[in-house]
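So that you can tell them apart, the chains are marked A, B, C and D in the order they are listed, and the count of residues begins at 1 in each.
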Amino acid sequence: MSDATLSSLKLSGDAFLAKRRRQLMVAAAVFAAVACLPLGIGDVYLQNVLILTLLYAAVSQSWNILGGYCGQISLGHALYFGIGAYAASVLFVNYDIVPWFGMVVGGVLSAALAVALGFMTFRLKGHYFAIATLVIAEIGLVLVHNWDFVGGALGIQWPFGADSIWTLQFARDKVPYFYFALGLLVVVWLVTYVIENSRWGFWWRAVKDDPEAAESLGVEVFRSKLAAAAVSAFFTAVGGGFYAAFVSYIDPESVMSFRFSLLFALPAVLGGIGTLWGAPLGAAILIPLTEITRSYLGGSGSGLDLIIYGALIMAVALAKPEGLLSLFTRKSGGKA
Amino acid sequence: MTAQALIQVLASGLLMGLIYALIAVGLSLIFGLMDVVNFAHGEFLMIAMYATFGLVLWTTLDPIVVAPLVVGLMFCVGAFVYVAVVRYAMRTKANAGMVQIFSTFGLAILIQGAAQYFFTPDYRSIKTSWLGGHTLDLAGIFLPWPQIYGGLISIAAFAALSLISRTDFGKALEATREDQGAVALVGIDRNKVFAIGWGLGAALVGLAGTVLAIFYYIHPQVGATFGTIAYVTVALGGFGSVFGALVAGIIVGLVEAITALILPPTMKAVGIFALYLAVVFFRPSGLFGKL
Amino acid sequence: MSSKILLQTLNVTQRFGGLVANSDVSVSIRRGEILGLIGPNGAGKSTLFAAISGARVPTSGSIVFEGEDITRMPAAERCRLGIARTFQVPRSFDSMSVAENVMIGAFVRHANATRARAAALEVLDYVGLDGRADATAGQLTPPEKRRLEVARAIATEPKLLLLDEVLTGLTPSEARLGMDLVRKVRDRGITVVMVEHVMEIVMQLVDRAIVLNLGKLLAEGSPADIVRNEDVITAYLGDRHRAA
Amino acid sequence: MNRRELLLAASALPLVGLTGAASRAFAQGAPEVVIGVLYAMSGPSAQVGIDARHAFETAAEIINGSFDFDMPTAKAPGLAGLGGAKVRLVYADHQADPQKGRAEAERLITQDKVAALIGCYQSAVSSTVSAVAERYGVPFLCADSSSPSLQRKKLKYFFRPAAQDEMFSAAMFDFFDTQKKKGKKIDSVGLFYEDTIFGVDSSNVQRKLANDRGYKIAADIKYKSNSPSLSAEVQQLKSADPDVLMPSTYTTDAILLVKTMAELGYKPKNLVAQASGFSEQVTYDAVGDKLVGAISRASFSLDLAARRPFIGKVNEMYKARSSRDLNDNSSRELMGLIILADAIDRAKATDGAKIRDALAATDFPGTRTIMPWSRVHFNEEGQNPDASPVLLQYVGGKFVTIFPDDVAIAAPIWPMNG
C-alpha cells in the first residue's frame, strides 16, 4: 500500500470518527434544548402534547430498530406496548410494585415474546411477515380483552395517590412525565447510536438490504432479526409502561389496538426509516399536528381533521419517500 | 347443538366466505399485477356501499339493479386512484414497500374523513330491497337470499376472472406482471394496463359492496371491519393468486363460523388468525402463492 | 490439517421434482489453485455452486471442507470456516457505502467496528476501489460492483473463494482487469473456484477445470487437456460452435 | 395564550380560527360561564357525539333564553344567580380514547377555564376524565356513561344524575318478576353482549341478578363488536331459545343482530335490551319492522309529554337541530347540562368547589325534568339514586312506556313473538 493511499484511507477513517462525534454533539444540543422547553411552556395541554411527542419519538425509534434498521416491517408493535402497559399496571395495582420495575418486567417479557414469535415469523417475507405481526397483535388484543385477571374489557384504573416519583403519579404536574419521556428517548437514541456503529447495527442493515448476500458474508441473519426484535420490543414495552403510568388508566383498546401499531411506524417512516433522527423528527411533526387538529378541528365532528391527517401522510410518503429527514441532511453523494 | 344447527352454521359460513373471497380478490389481483398492497381496499368497499345506498335512495331502484352502475363507478375510482396516487408511489426507488403501504394508508384515512365530512358518521342501511330480509328455508336450514345472491355473484365473478385471463387483455396483464420492461417493447402501455388493473380490482370490491349494502350497515369506518379480513384472506391464499383468494375466502368464512361455535364468539377472529399463522408457518407464501 | 485437498464433494445429487440437476458429482478442490467450473447452460454448475456455498442442501451426498462435513452447514457458518462467494448478479447492500459493504464481510473476523473498518479499507485498497470508499454502493458502475463483491468476500478472509460468473458480460479490457484481480486474490493464498461459461477467458486463467454436462461430471483436468477432450468438444464446444 | 395563537398560526390552518370564533360567537358582550363538553366526534361512535352536540345546544338555548318550561334555569334568560350570565359550550373530541379524553379535559380546564365538564358516553373515557376533574377540583357531570364502577371511586367532583347499569338491570328484573306474578312464563334469560366495558359491565350485573332471583341463564354470549357476521352467534341463541333475550349492544351490532335473527328464522320470545343500540332511531329506521314488541330500558320516554307538555316542546327544539327525536342518550345529555347549569346558578360562582357544593345540594322533584325520574339529588357517591328508569316497548312504530306501572301508558305485549 502506498503512503499516499494509506494517509487517504486514514483520513477517511478520521472523517468518519469526526462525523460520529459531531452526531453526538448535535444530539446533546438538541436534547438540551428540548430539556429547556418546560421552562418556557407552562401550559398543561402543550406539555401534554410534548410528552406524547417524546413518547412516540422514543417508541417509534424502538420500532425503527426492527423496521428501519433491520427491515422487518412490523404492524404489530401494539402488542409489546400493551404488554409493557399491562405489566406495569398489574404489578403496581395488584402487588404494589413500583412502575419503574414493572416497566422493566414488561420490557423483558416483551423481548422474550418477540424472540419466541420471531422463531415463527422471521421466515416470512414482505407482506406475509407484516400481516403475521398484525395478526399476532390482534390475537393478543383479543386474549387480553377476555382475560379477567388483567381486568378484561374493563381495564385497569391506577389508584389515586400522593405525587411521587416512585409511583410515577403526579396529579397535575406534567414536568416529571416530560423528563421521563425525554429520558426514554435519549436512552433509545443512544442505544440506536451505539448499535448503529456496532457489528449488530451493520448486520441489521445488511439483512435489510439483502438477507441472502448477508448470509453468505457470515451474517447470522436469523439471529440478527431476533436481536433487533428483542431490543425493539423491550423499549416499546417500556414506553407502554410509561404510558400506563401517565394516563393512569388502561384498557385493551386504548393500548393494544392496531391504531397504535401504525402510530409507532408512522413517525419513523415519515421522518426517515433507518436513521437516527427520522423517528424523532417524524414524531415532532406528526404528533403536534394530530393533537392540534383534533383539539381545534375535531370538536366539530366533521372529519376534517382526518382529511388533513390522511392527506399529510400521503403527501409526505409520495413527495419524500426517503423521509422528511432528507430535507435536512446532505447525504454523501446522494441525489437528495 | 344439533346436527342441523351445525349444518346451518357451516352453510352461513360458506356463503359469508364466498363474499369474503369477492372482497379479497381485487386486492390480490392488484398485488399480482404490480406487487402493491392497497391499504385503502376496505375504504373502496365503503365507497361502494355508500354509492349503492345513495343510488338506491335517489333512483328508488333495487340494489341489484344499480349494481352495474356502482361497479362501473368503482372501476373509475380504482383507475383514478392509480393515476393520481399509486403511479407516483411506484416511481420511488427509496423505501418502495413503505411508500406503498403508507401512501395508500394515508389515502384510507383521507377517504374515511371525507366520508364523515360528506355523509356524517351516522349508520345507514338499505331498508327495503327485493332480497333483503328474505330467507330460503331448506328443511330448517335458513339461507338468507342476500347472502345466496352474494355467493352466486362471487362465483360468477371468479368464473369471469378465469375467462378474462384467456383474453388478449388477460394476456397483457400477465405479460405486464411477468416482465414490465419487455411489454413496453411490444407496445403495451404499462400505465394503462396498471390503471385498468386497479379499475378491475376496485370494481370487484365494488361488486362486493353492492352485495354487502343489502344486508350490512354502512358507515365511514365500515371498511376497517372487512379490510383486515381481506388482507388475511389474500395472504392466506397467497398474494397474487386469484384462485387462492377464492379458496382462502371460503376457508376464512368456515373457520370463523366454526370458531364461534367452539370458543366464545368474541374470540372468533382468533381462529382465522391462528389458521393464517399455521399456514404460513408451513407455506411461507400462503396456500397458492408463488415463492 | 495440511492435506492438499481443501474441499471435496462426495456423490452430490440434487433433484428438483423429477429434474436431476446434479447426479452423483464427486470433485475435489485443491489448496491454492484456481479451479474453473464450466459447462453449457443447464449443466448443473450453479446447482453444484449452491451446494458448496451453502445456499442449498443437496438431496444426497456430502461436502467435506478441510476434513469437516459441512453438507448441512448454513452459509454464515461456512463463511466463518473460510468459504466465501460472490453472486452472479451483484448483490451489493445499496443503502450502505462501499466501505460499509466491505465491513460486513470484515465483521466475520473483527467484532469491533473500528477494526472492521480498517480491514475493509485495506481490502478496498487491495482491489482498487479505495477511491470509492465513501460512495453509496448503488452508485457504482457494474464492473465496480463486481469488484465490490470480490472485496466483500475477501474481507471475510476466506480460504476458498467461490466466484459466480464474475467475468461474464464485461468488455475485454474490463475482463482483463478482472483476471488480474483473480490472480491477485490467489496470490493472497486464497483458493479460487470460478463458475463461468465463457470458456475462452477462463481457460487462460485457471490451473485446472471441471466440466459438467447434464448434471454429471464430464471431464476434469488442465485447461490444455480439457480443450482437447472429445466429450467436452461435443457436449460443450461443439454445441457452442453449432450455435454460433 | 400567545404561544397557542402562535402554534395555531404555525399550523397554517385558518379554519382553526373560524371554529374558535364560531363557538365564541355564542355569547356576545354578556358575562358567560364556560362548560366543557367531551365526546367522540370522529371514529366509529362519532354519531353519538354529534347527537350530543345537538342536545347540549338545545339545553344551552333553554338556559340562555327565556322559556315557559317548568325546568330549572328555563324561565330566566341566562343564569340569574350570575347576573344573567350566558352558558357557553366548548367541545372537545376524545375519539373514544381515554388518553385523549384526559388530555382534552386538561386542556378545557387550563386553557378554556371551564367551570365544569360534561360527557363522555364511553365509560373508559369518563373514567380518566373524572380523575382529571377530581385533581383540578372541577365538577364533572357524567351525563350518559352507565358503568357502575365509575361512582365506586368515591370522587368528590363526580356527579351522575341518570341511572347506572345496576339500576337499569334491576328494573328489568323487577319487570320480569311482576310478569311472572301475572302468570307469564319467564324461566330463562339469554345474555348477549359486546366485549367492551359497556357490554361486560352490563352482563355482569344481569348475570348476578338472574342468579339472585332464580332465572336460568340459557345463553351467555360475549361477541366481538363490529363483527362482519353474527350468524354463528345467532344460531347459538336460536338453539338456546331463552324466554327473554337480553342484548347489550351498540347500534351497528344491534342492526346486524336483528337482521341476522330474521334471516336465520329466529324470533326471540321476548327481547329486553340494555338501551344503547336499541334506543337509537337509526336502528328502528333500519330494522324496526322486525322489532315490533321489543323492549328497551330507558331513562327517557316521549310518552311523558302527555303529562308534562314542555317535554314535547323541548323535543321539538331538539328535533329542529338534529332531525330526530330525543332518545335515551340525548335526553340525559340535555337534562345533565340543565342540572349542571342550575347548580352553577345556585352557586352564584364559577368556582369549582362552590359549584360542587351546589351540585351536592341539588334536590328538586323529577317532575321538573324531562325525565321519568322521581327526584334529582345526589348521594355521597355522586349518584342520583332516584333516577328511576323505565321500560319502553316498541309498538306501532313508536316507543310506549310499559314499566314501572305508575308511569306506564300501556300494558306490555308479552310475549312479543308468541
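By definition in this document, a contact is a pair of C-beta atoms (placed from the backbone, for glycine too) under 8 Å apart; a residue touches a chain by one contact, two chains touch by 3 or more.
The model shown is predicted, which means the values in this text are computed figures rather than measured ones.
A.B. asks: Could you let me know which interface, A-D or A-C, is made of more C-beta pairs in contact?
C.D. replies: By number of C-beta pairs in contact, A-D is the larger.
A.B. asks: Using only alpha carbons, which chain's centroid is the nearest to the whole structure's centroid?
C.D. replies: Measuring from the global C-alpha mean, the nearest chain centre belongs to A.
A.B. asks: What whole-number Å value describes the gap between the mean CA coordinates of chain A and chain D?
C.D. replies: Comparing mean C-alpha positions, chain D is 38 Å from chain A.
A.B. asks: As a quick test, compute the distance in whole Å between the mean CA positions of chain A and chain B.
C.D. replies: 32
A.B. asks: Mind checking the centre-to-centre distance between chain C and chain D? Centres are C-alpha means, answer in whole Å.
C.D. replies: From the centre of chain C to the centre of chain D is 75 Å.
A.B. asks: Where in chain B do residues touch two or more other chains at once?
C.D. replies: Answer for chain B, listing residues that touch two or more other chains: 113, 116, 121, 220, 264, 266-267, 269.
A.B. asks: Residue numbers in chain D touching 2 or more other chains?
C.D. replies: In chain D, 42, 46, 50, 195, 222, 224 touch at least two other chains.
A.B. asks: Among the residues of chain C, which are close enough to touch at least two other chains?
C.D. replies: Answer for chain C, listing residues that touch two or more other chains: there are none.
A.B. asks: Can you check the complex and tell me which residues of chain A touch chain C?
C.D. replies: 1, 5, 8-9, 12-13, 16, 197-199, 202-203, 205-206, 208-210, 212-221, 274, 332-334
A.B. asks: Touching chain B in the complex: which residues of chain D?
C.D. replies: Residues 42-47, 50, 195, 221-224, 226-229, 231-233, 235-236, 238-239, 251-252, 255-256, 259, 262-265, 282, 285-287, 290.
A.B. asks: So in the complex, the part of chain A that touches chain B is made up of which residues?
C.D. replies: Contact set of chain A toward chain B: 73, 120, 123-128, 130-132, 134-136, 138-139, 142-143, 145-146, 258, 262, 266, 269-270, 273, 301-315, 317-318, 321-323.
A.B. asks: Going by the contact rule at the top, pick out the chain B residues touching chain A in the complex.
C.D. replies: Spelled out, the residues of chain B in touch with chain A are 31, 37, 85, 88-89, 92-99, 101-103, 105-117, 121, 220, 228, 231-232, 235, 239, 264, 266-267, 269-270, 273-274, 276-277, 280-281, 284-286, 289.
A.B. asks: In the complex formed with chain A, which residues of chain C make contact?
C.D. replies: Residues 53-55, 74-76, 79-80, 84-85, 87, 91-97, 99-100, 103-105, 107-108, 111-114, 116-118, 121-122, 124-125, 130, 133-136, 139, 152-153, 155-156 of chain C touch chain A in their complex.
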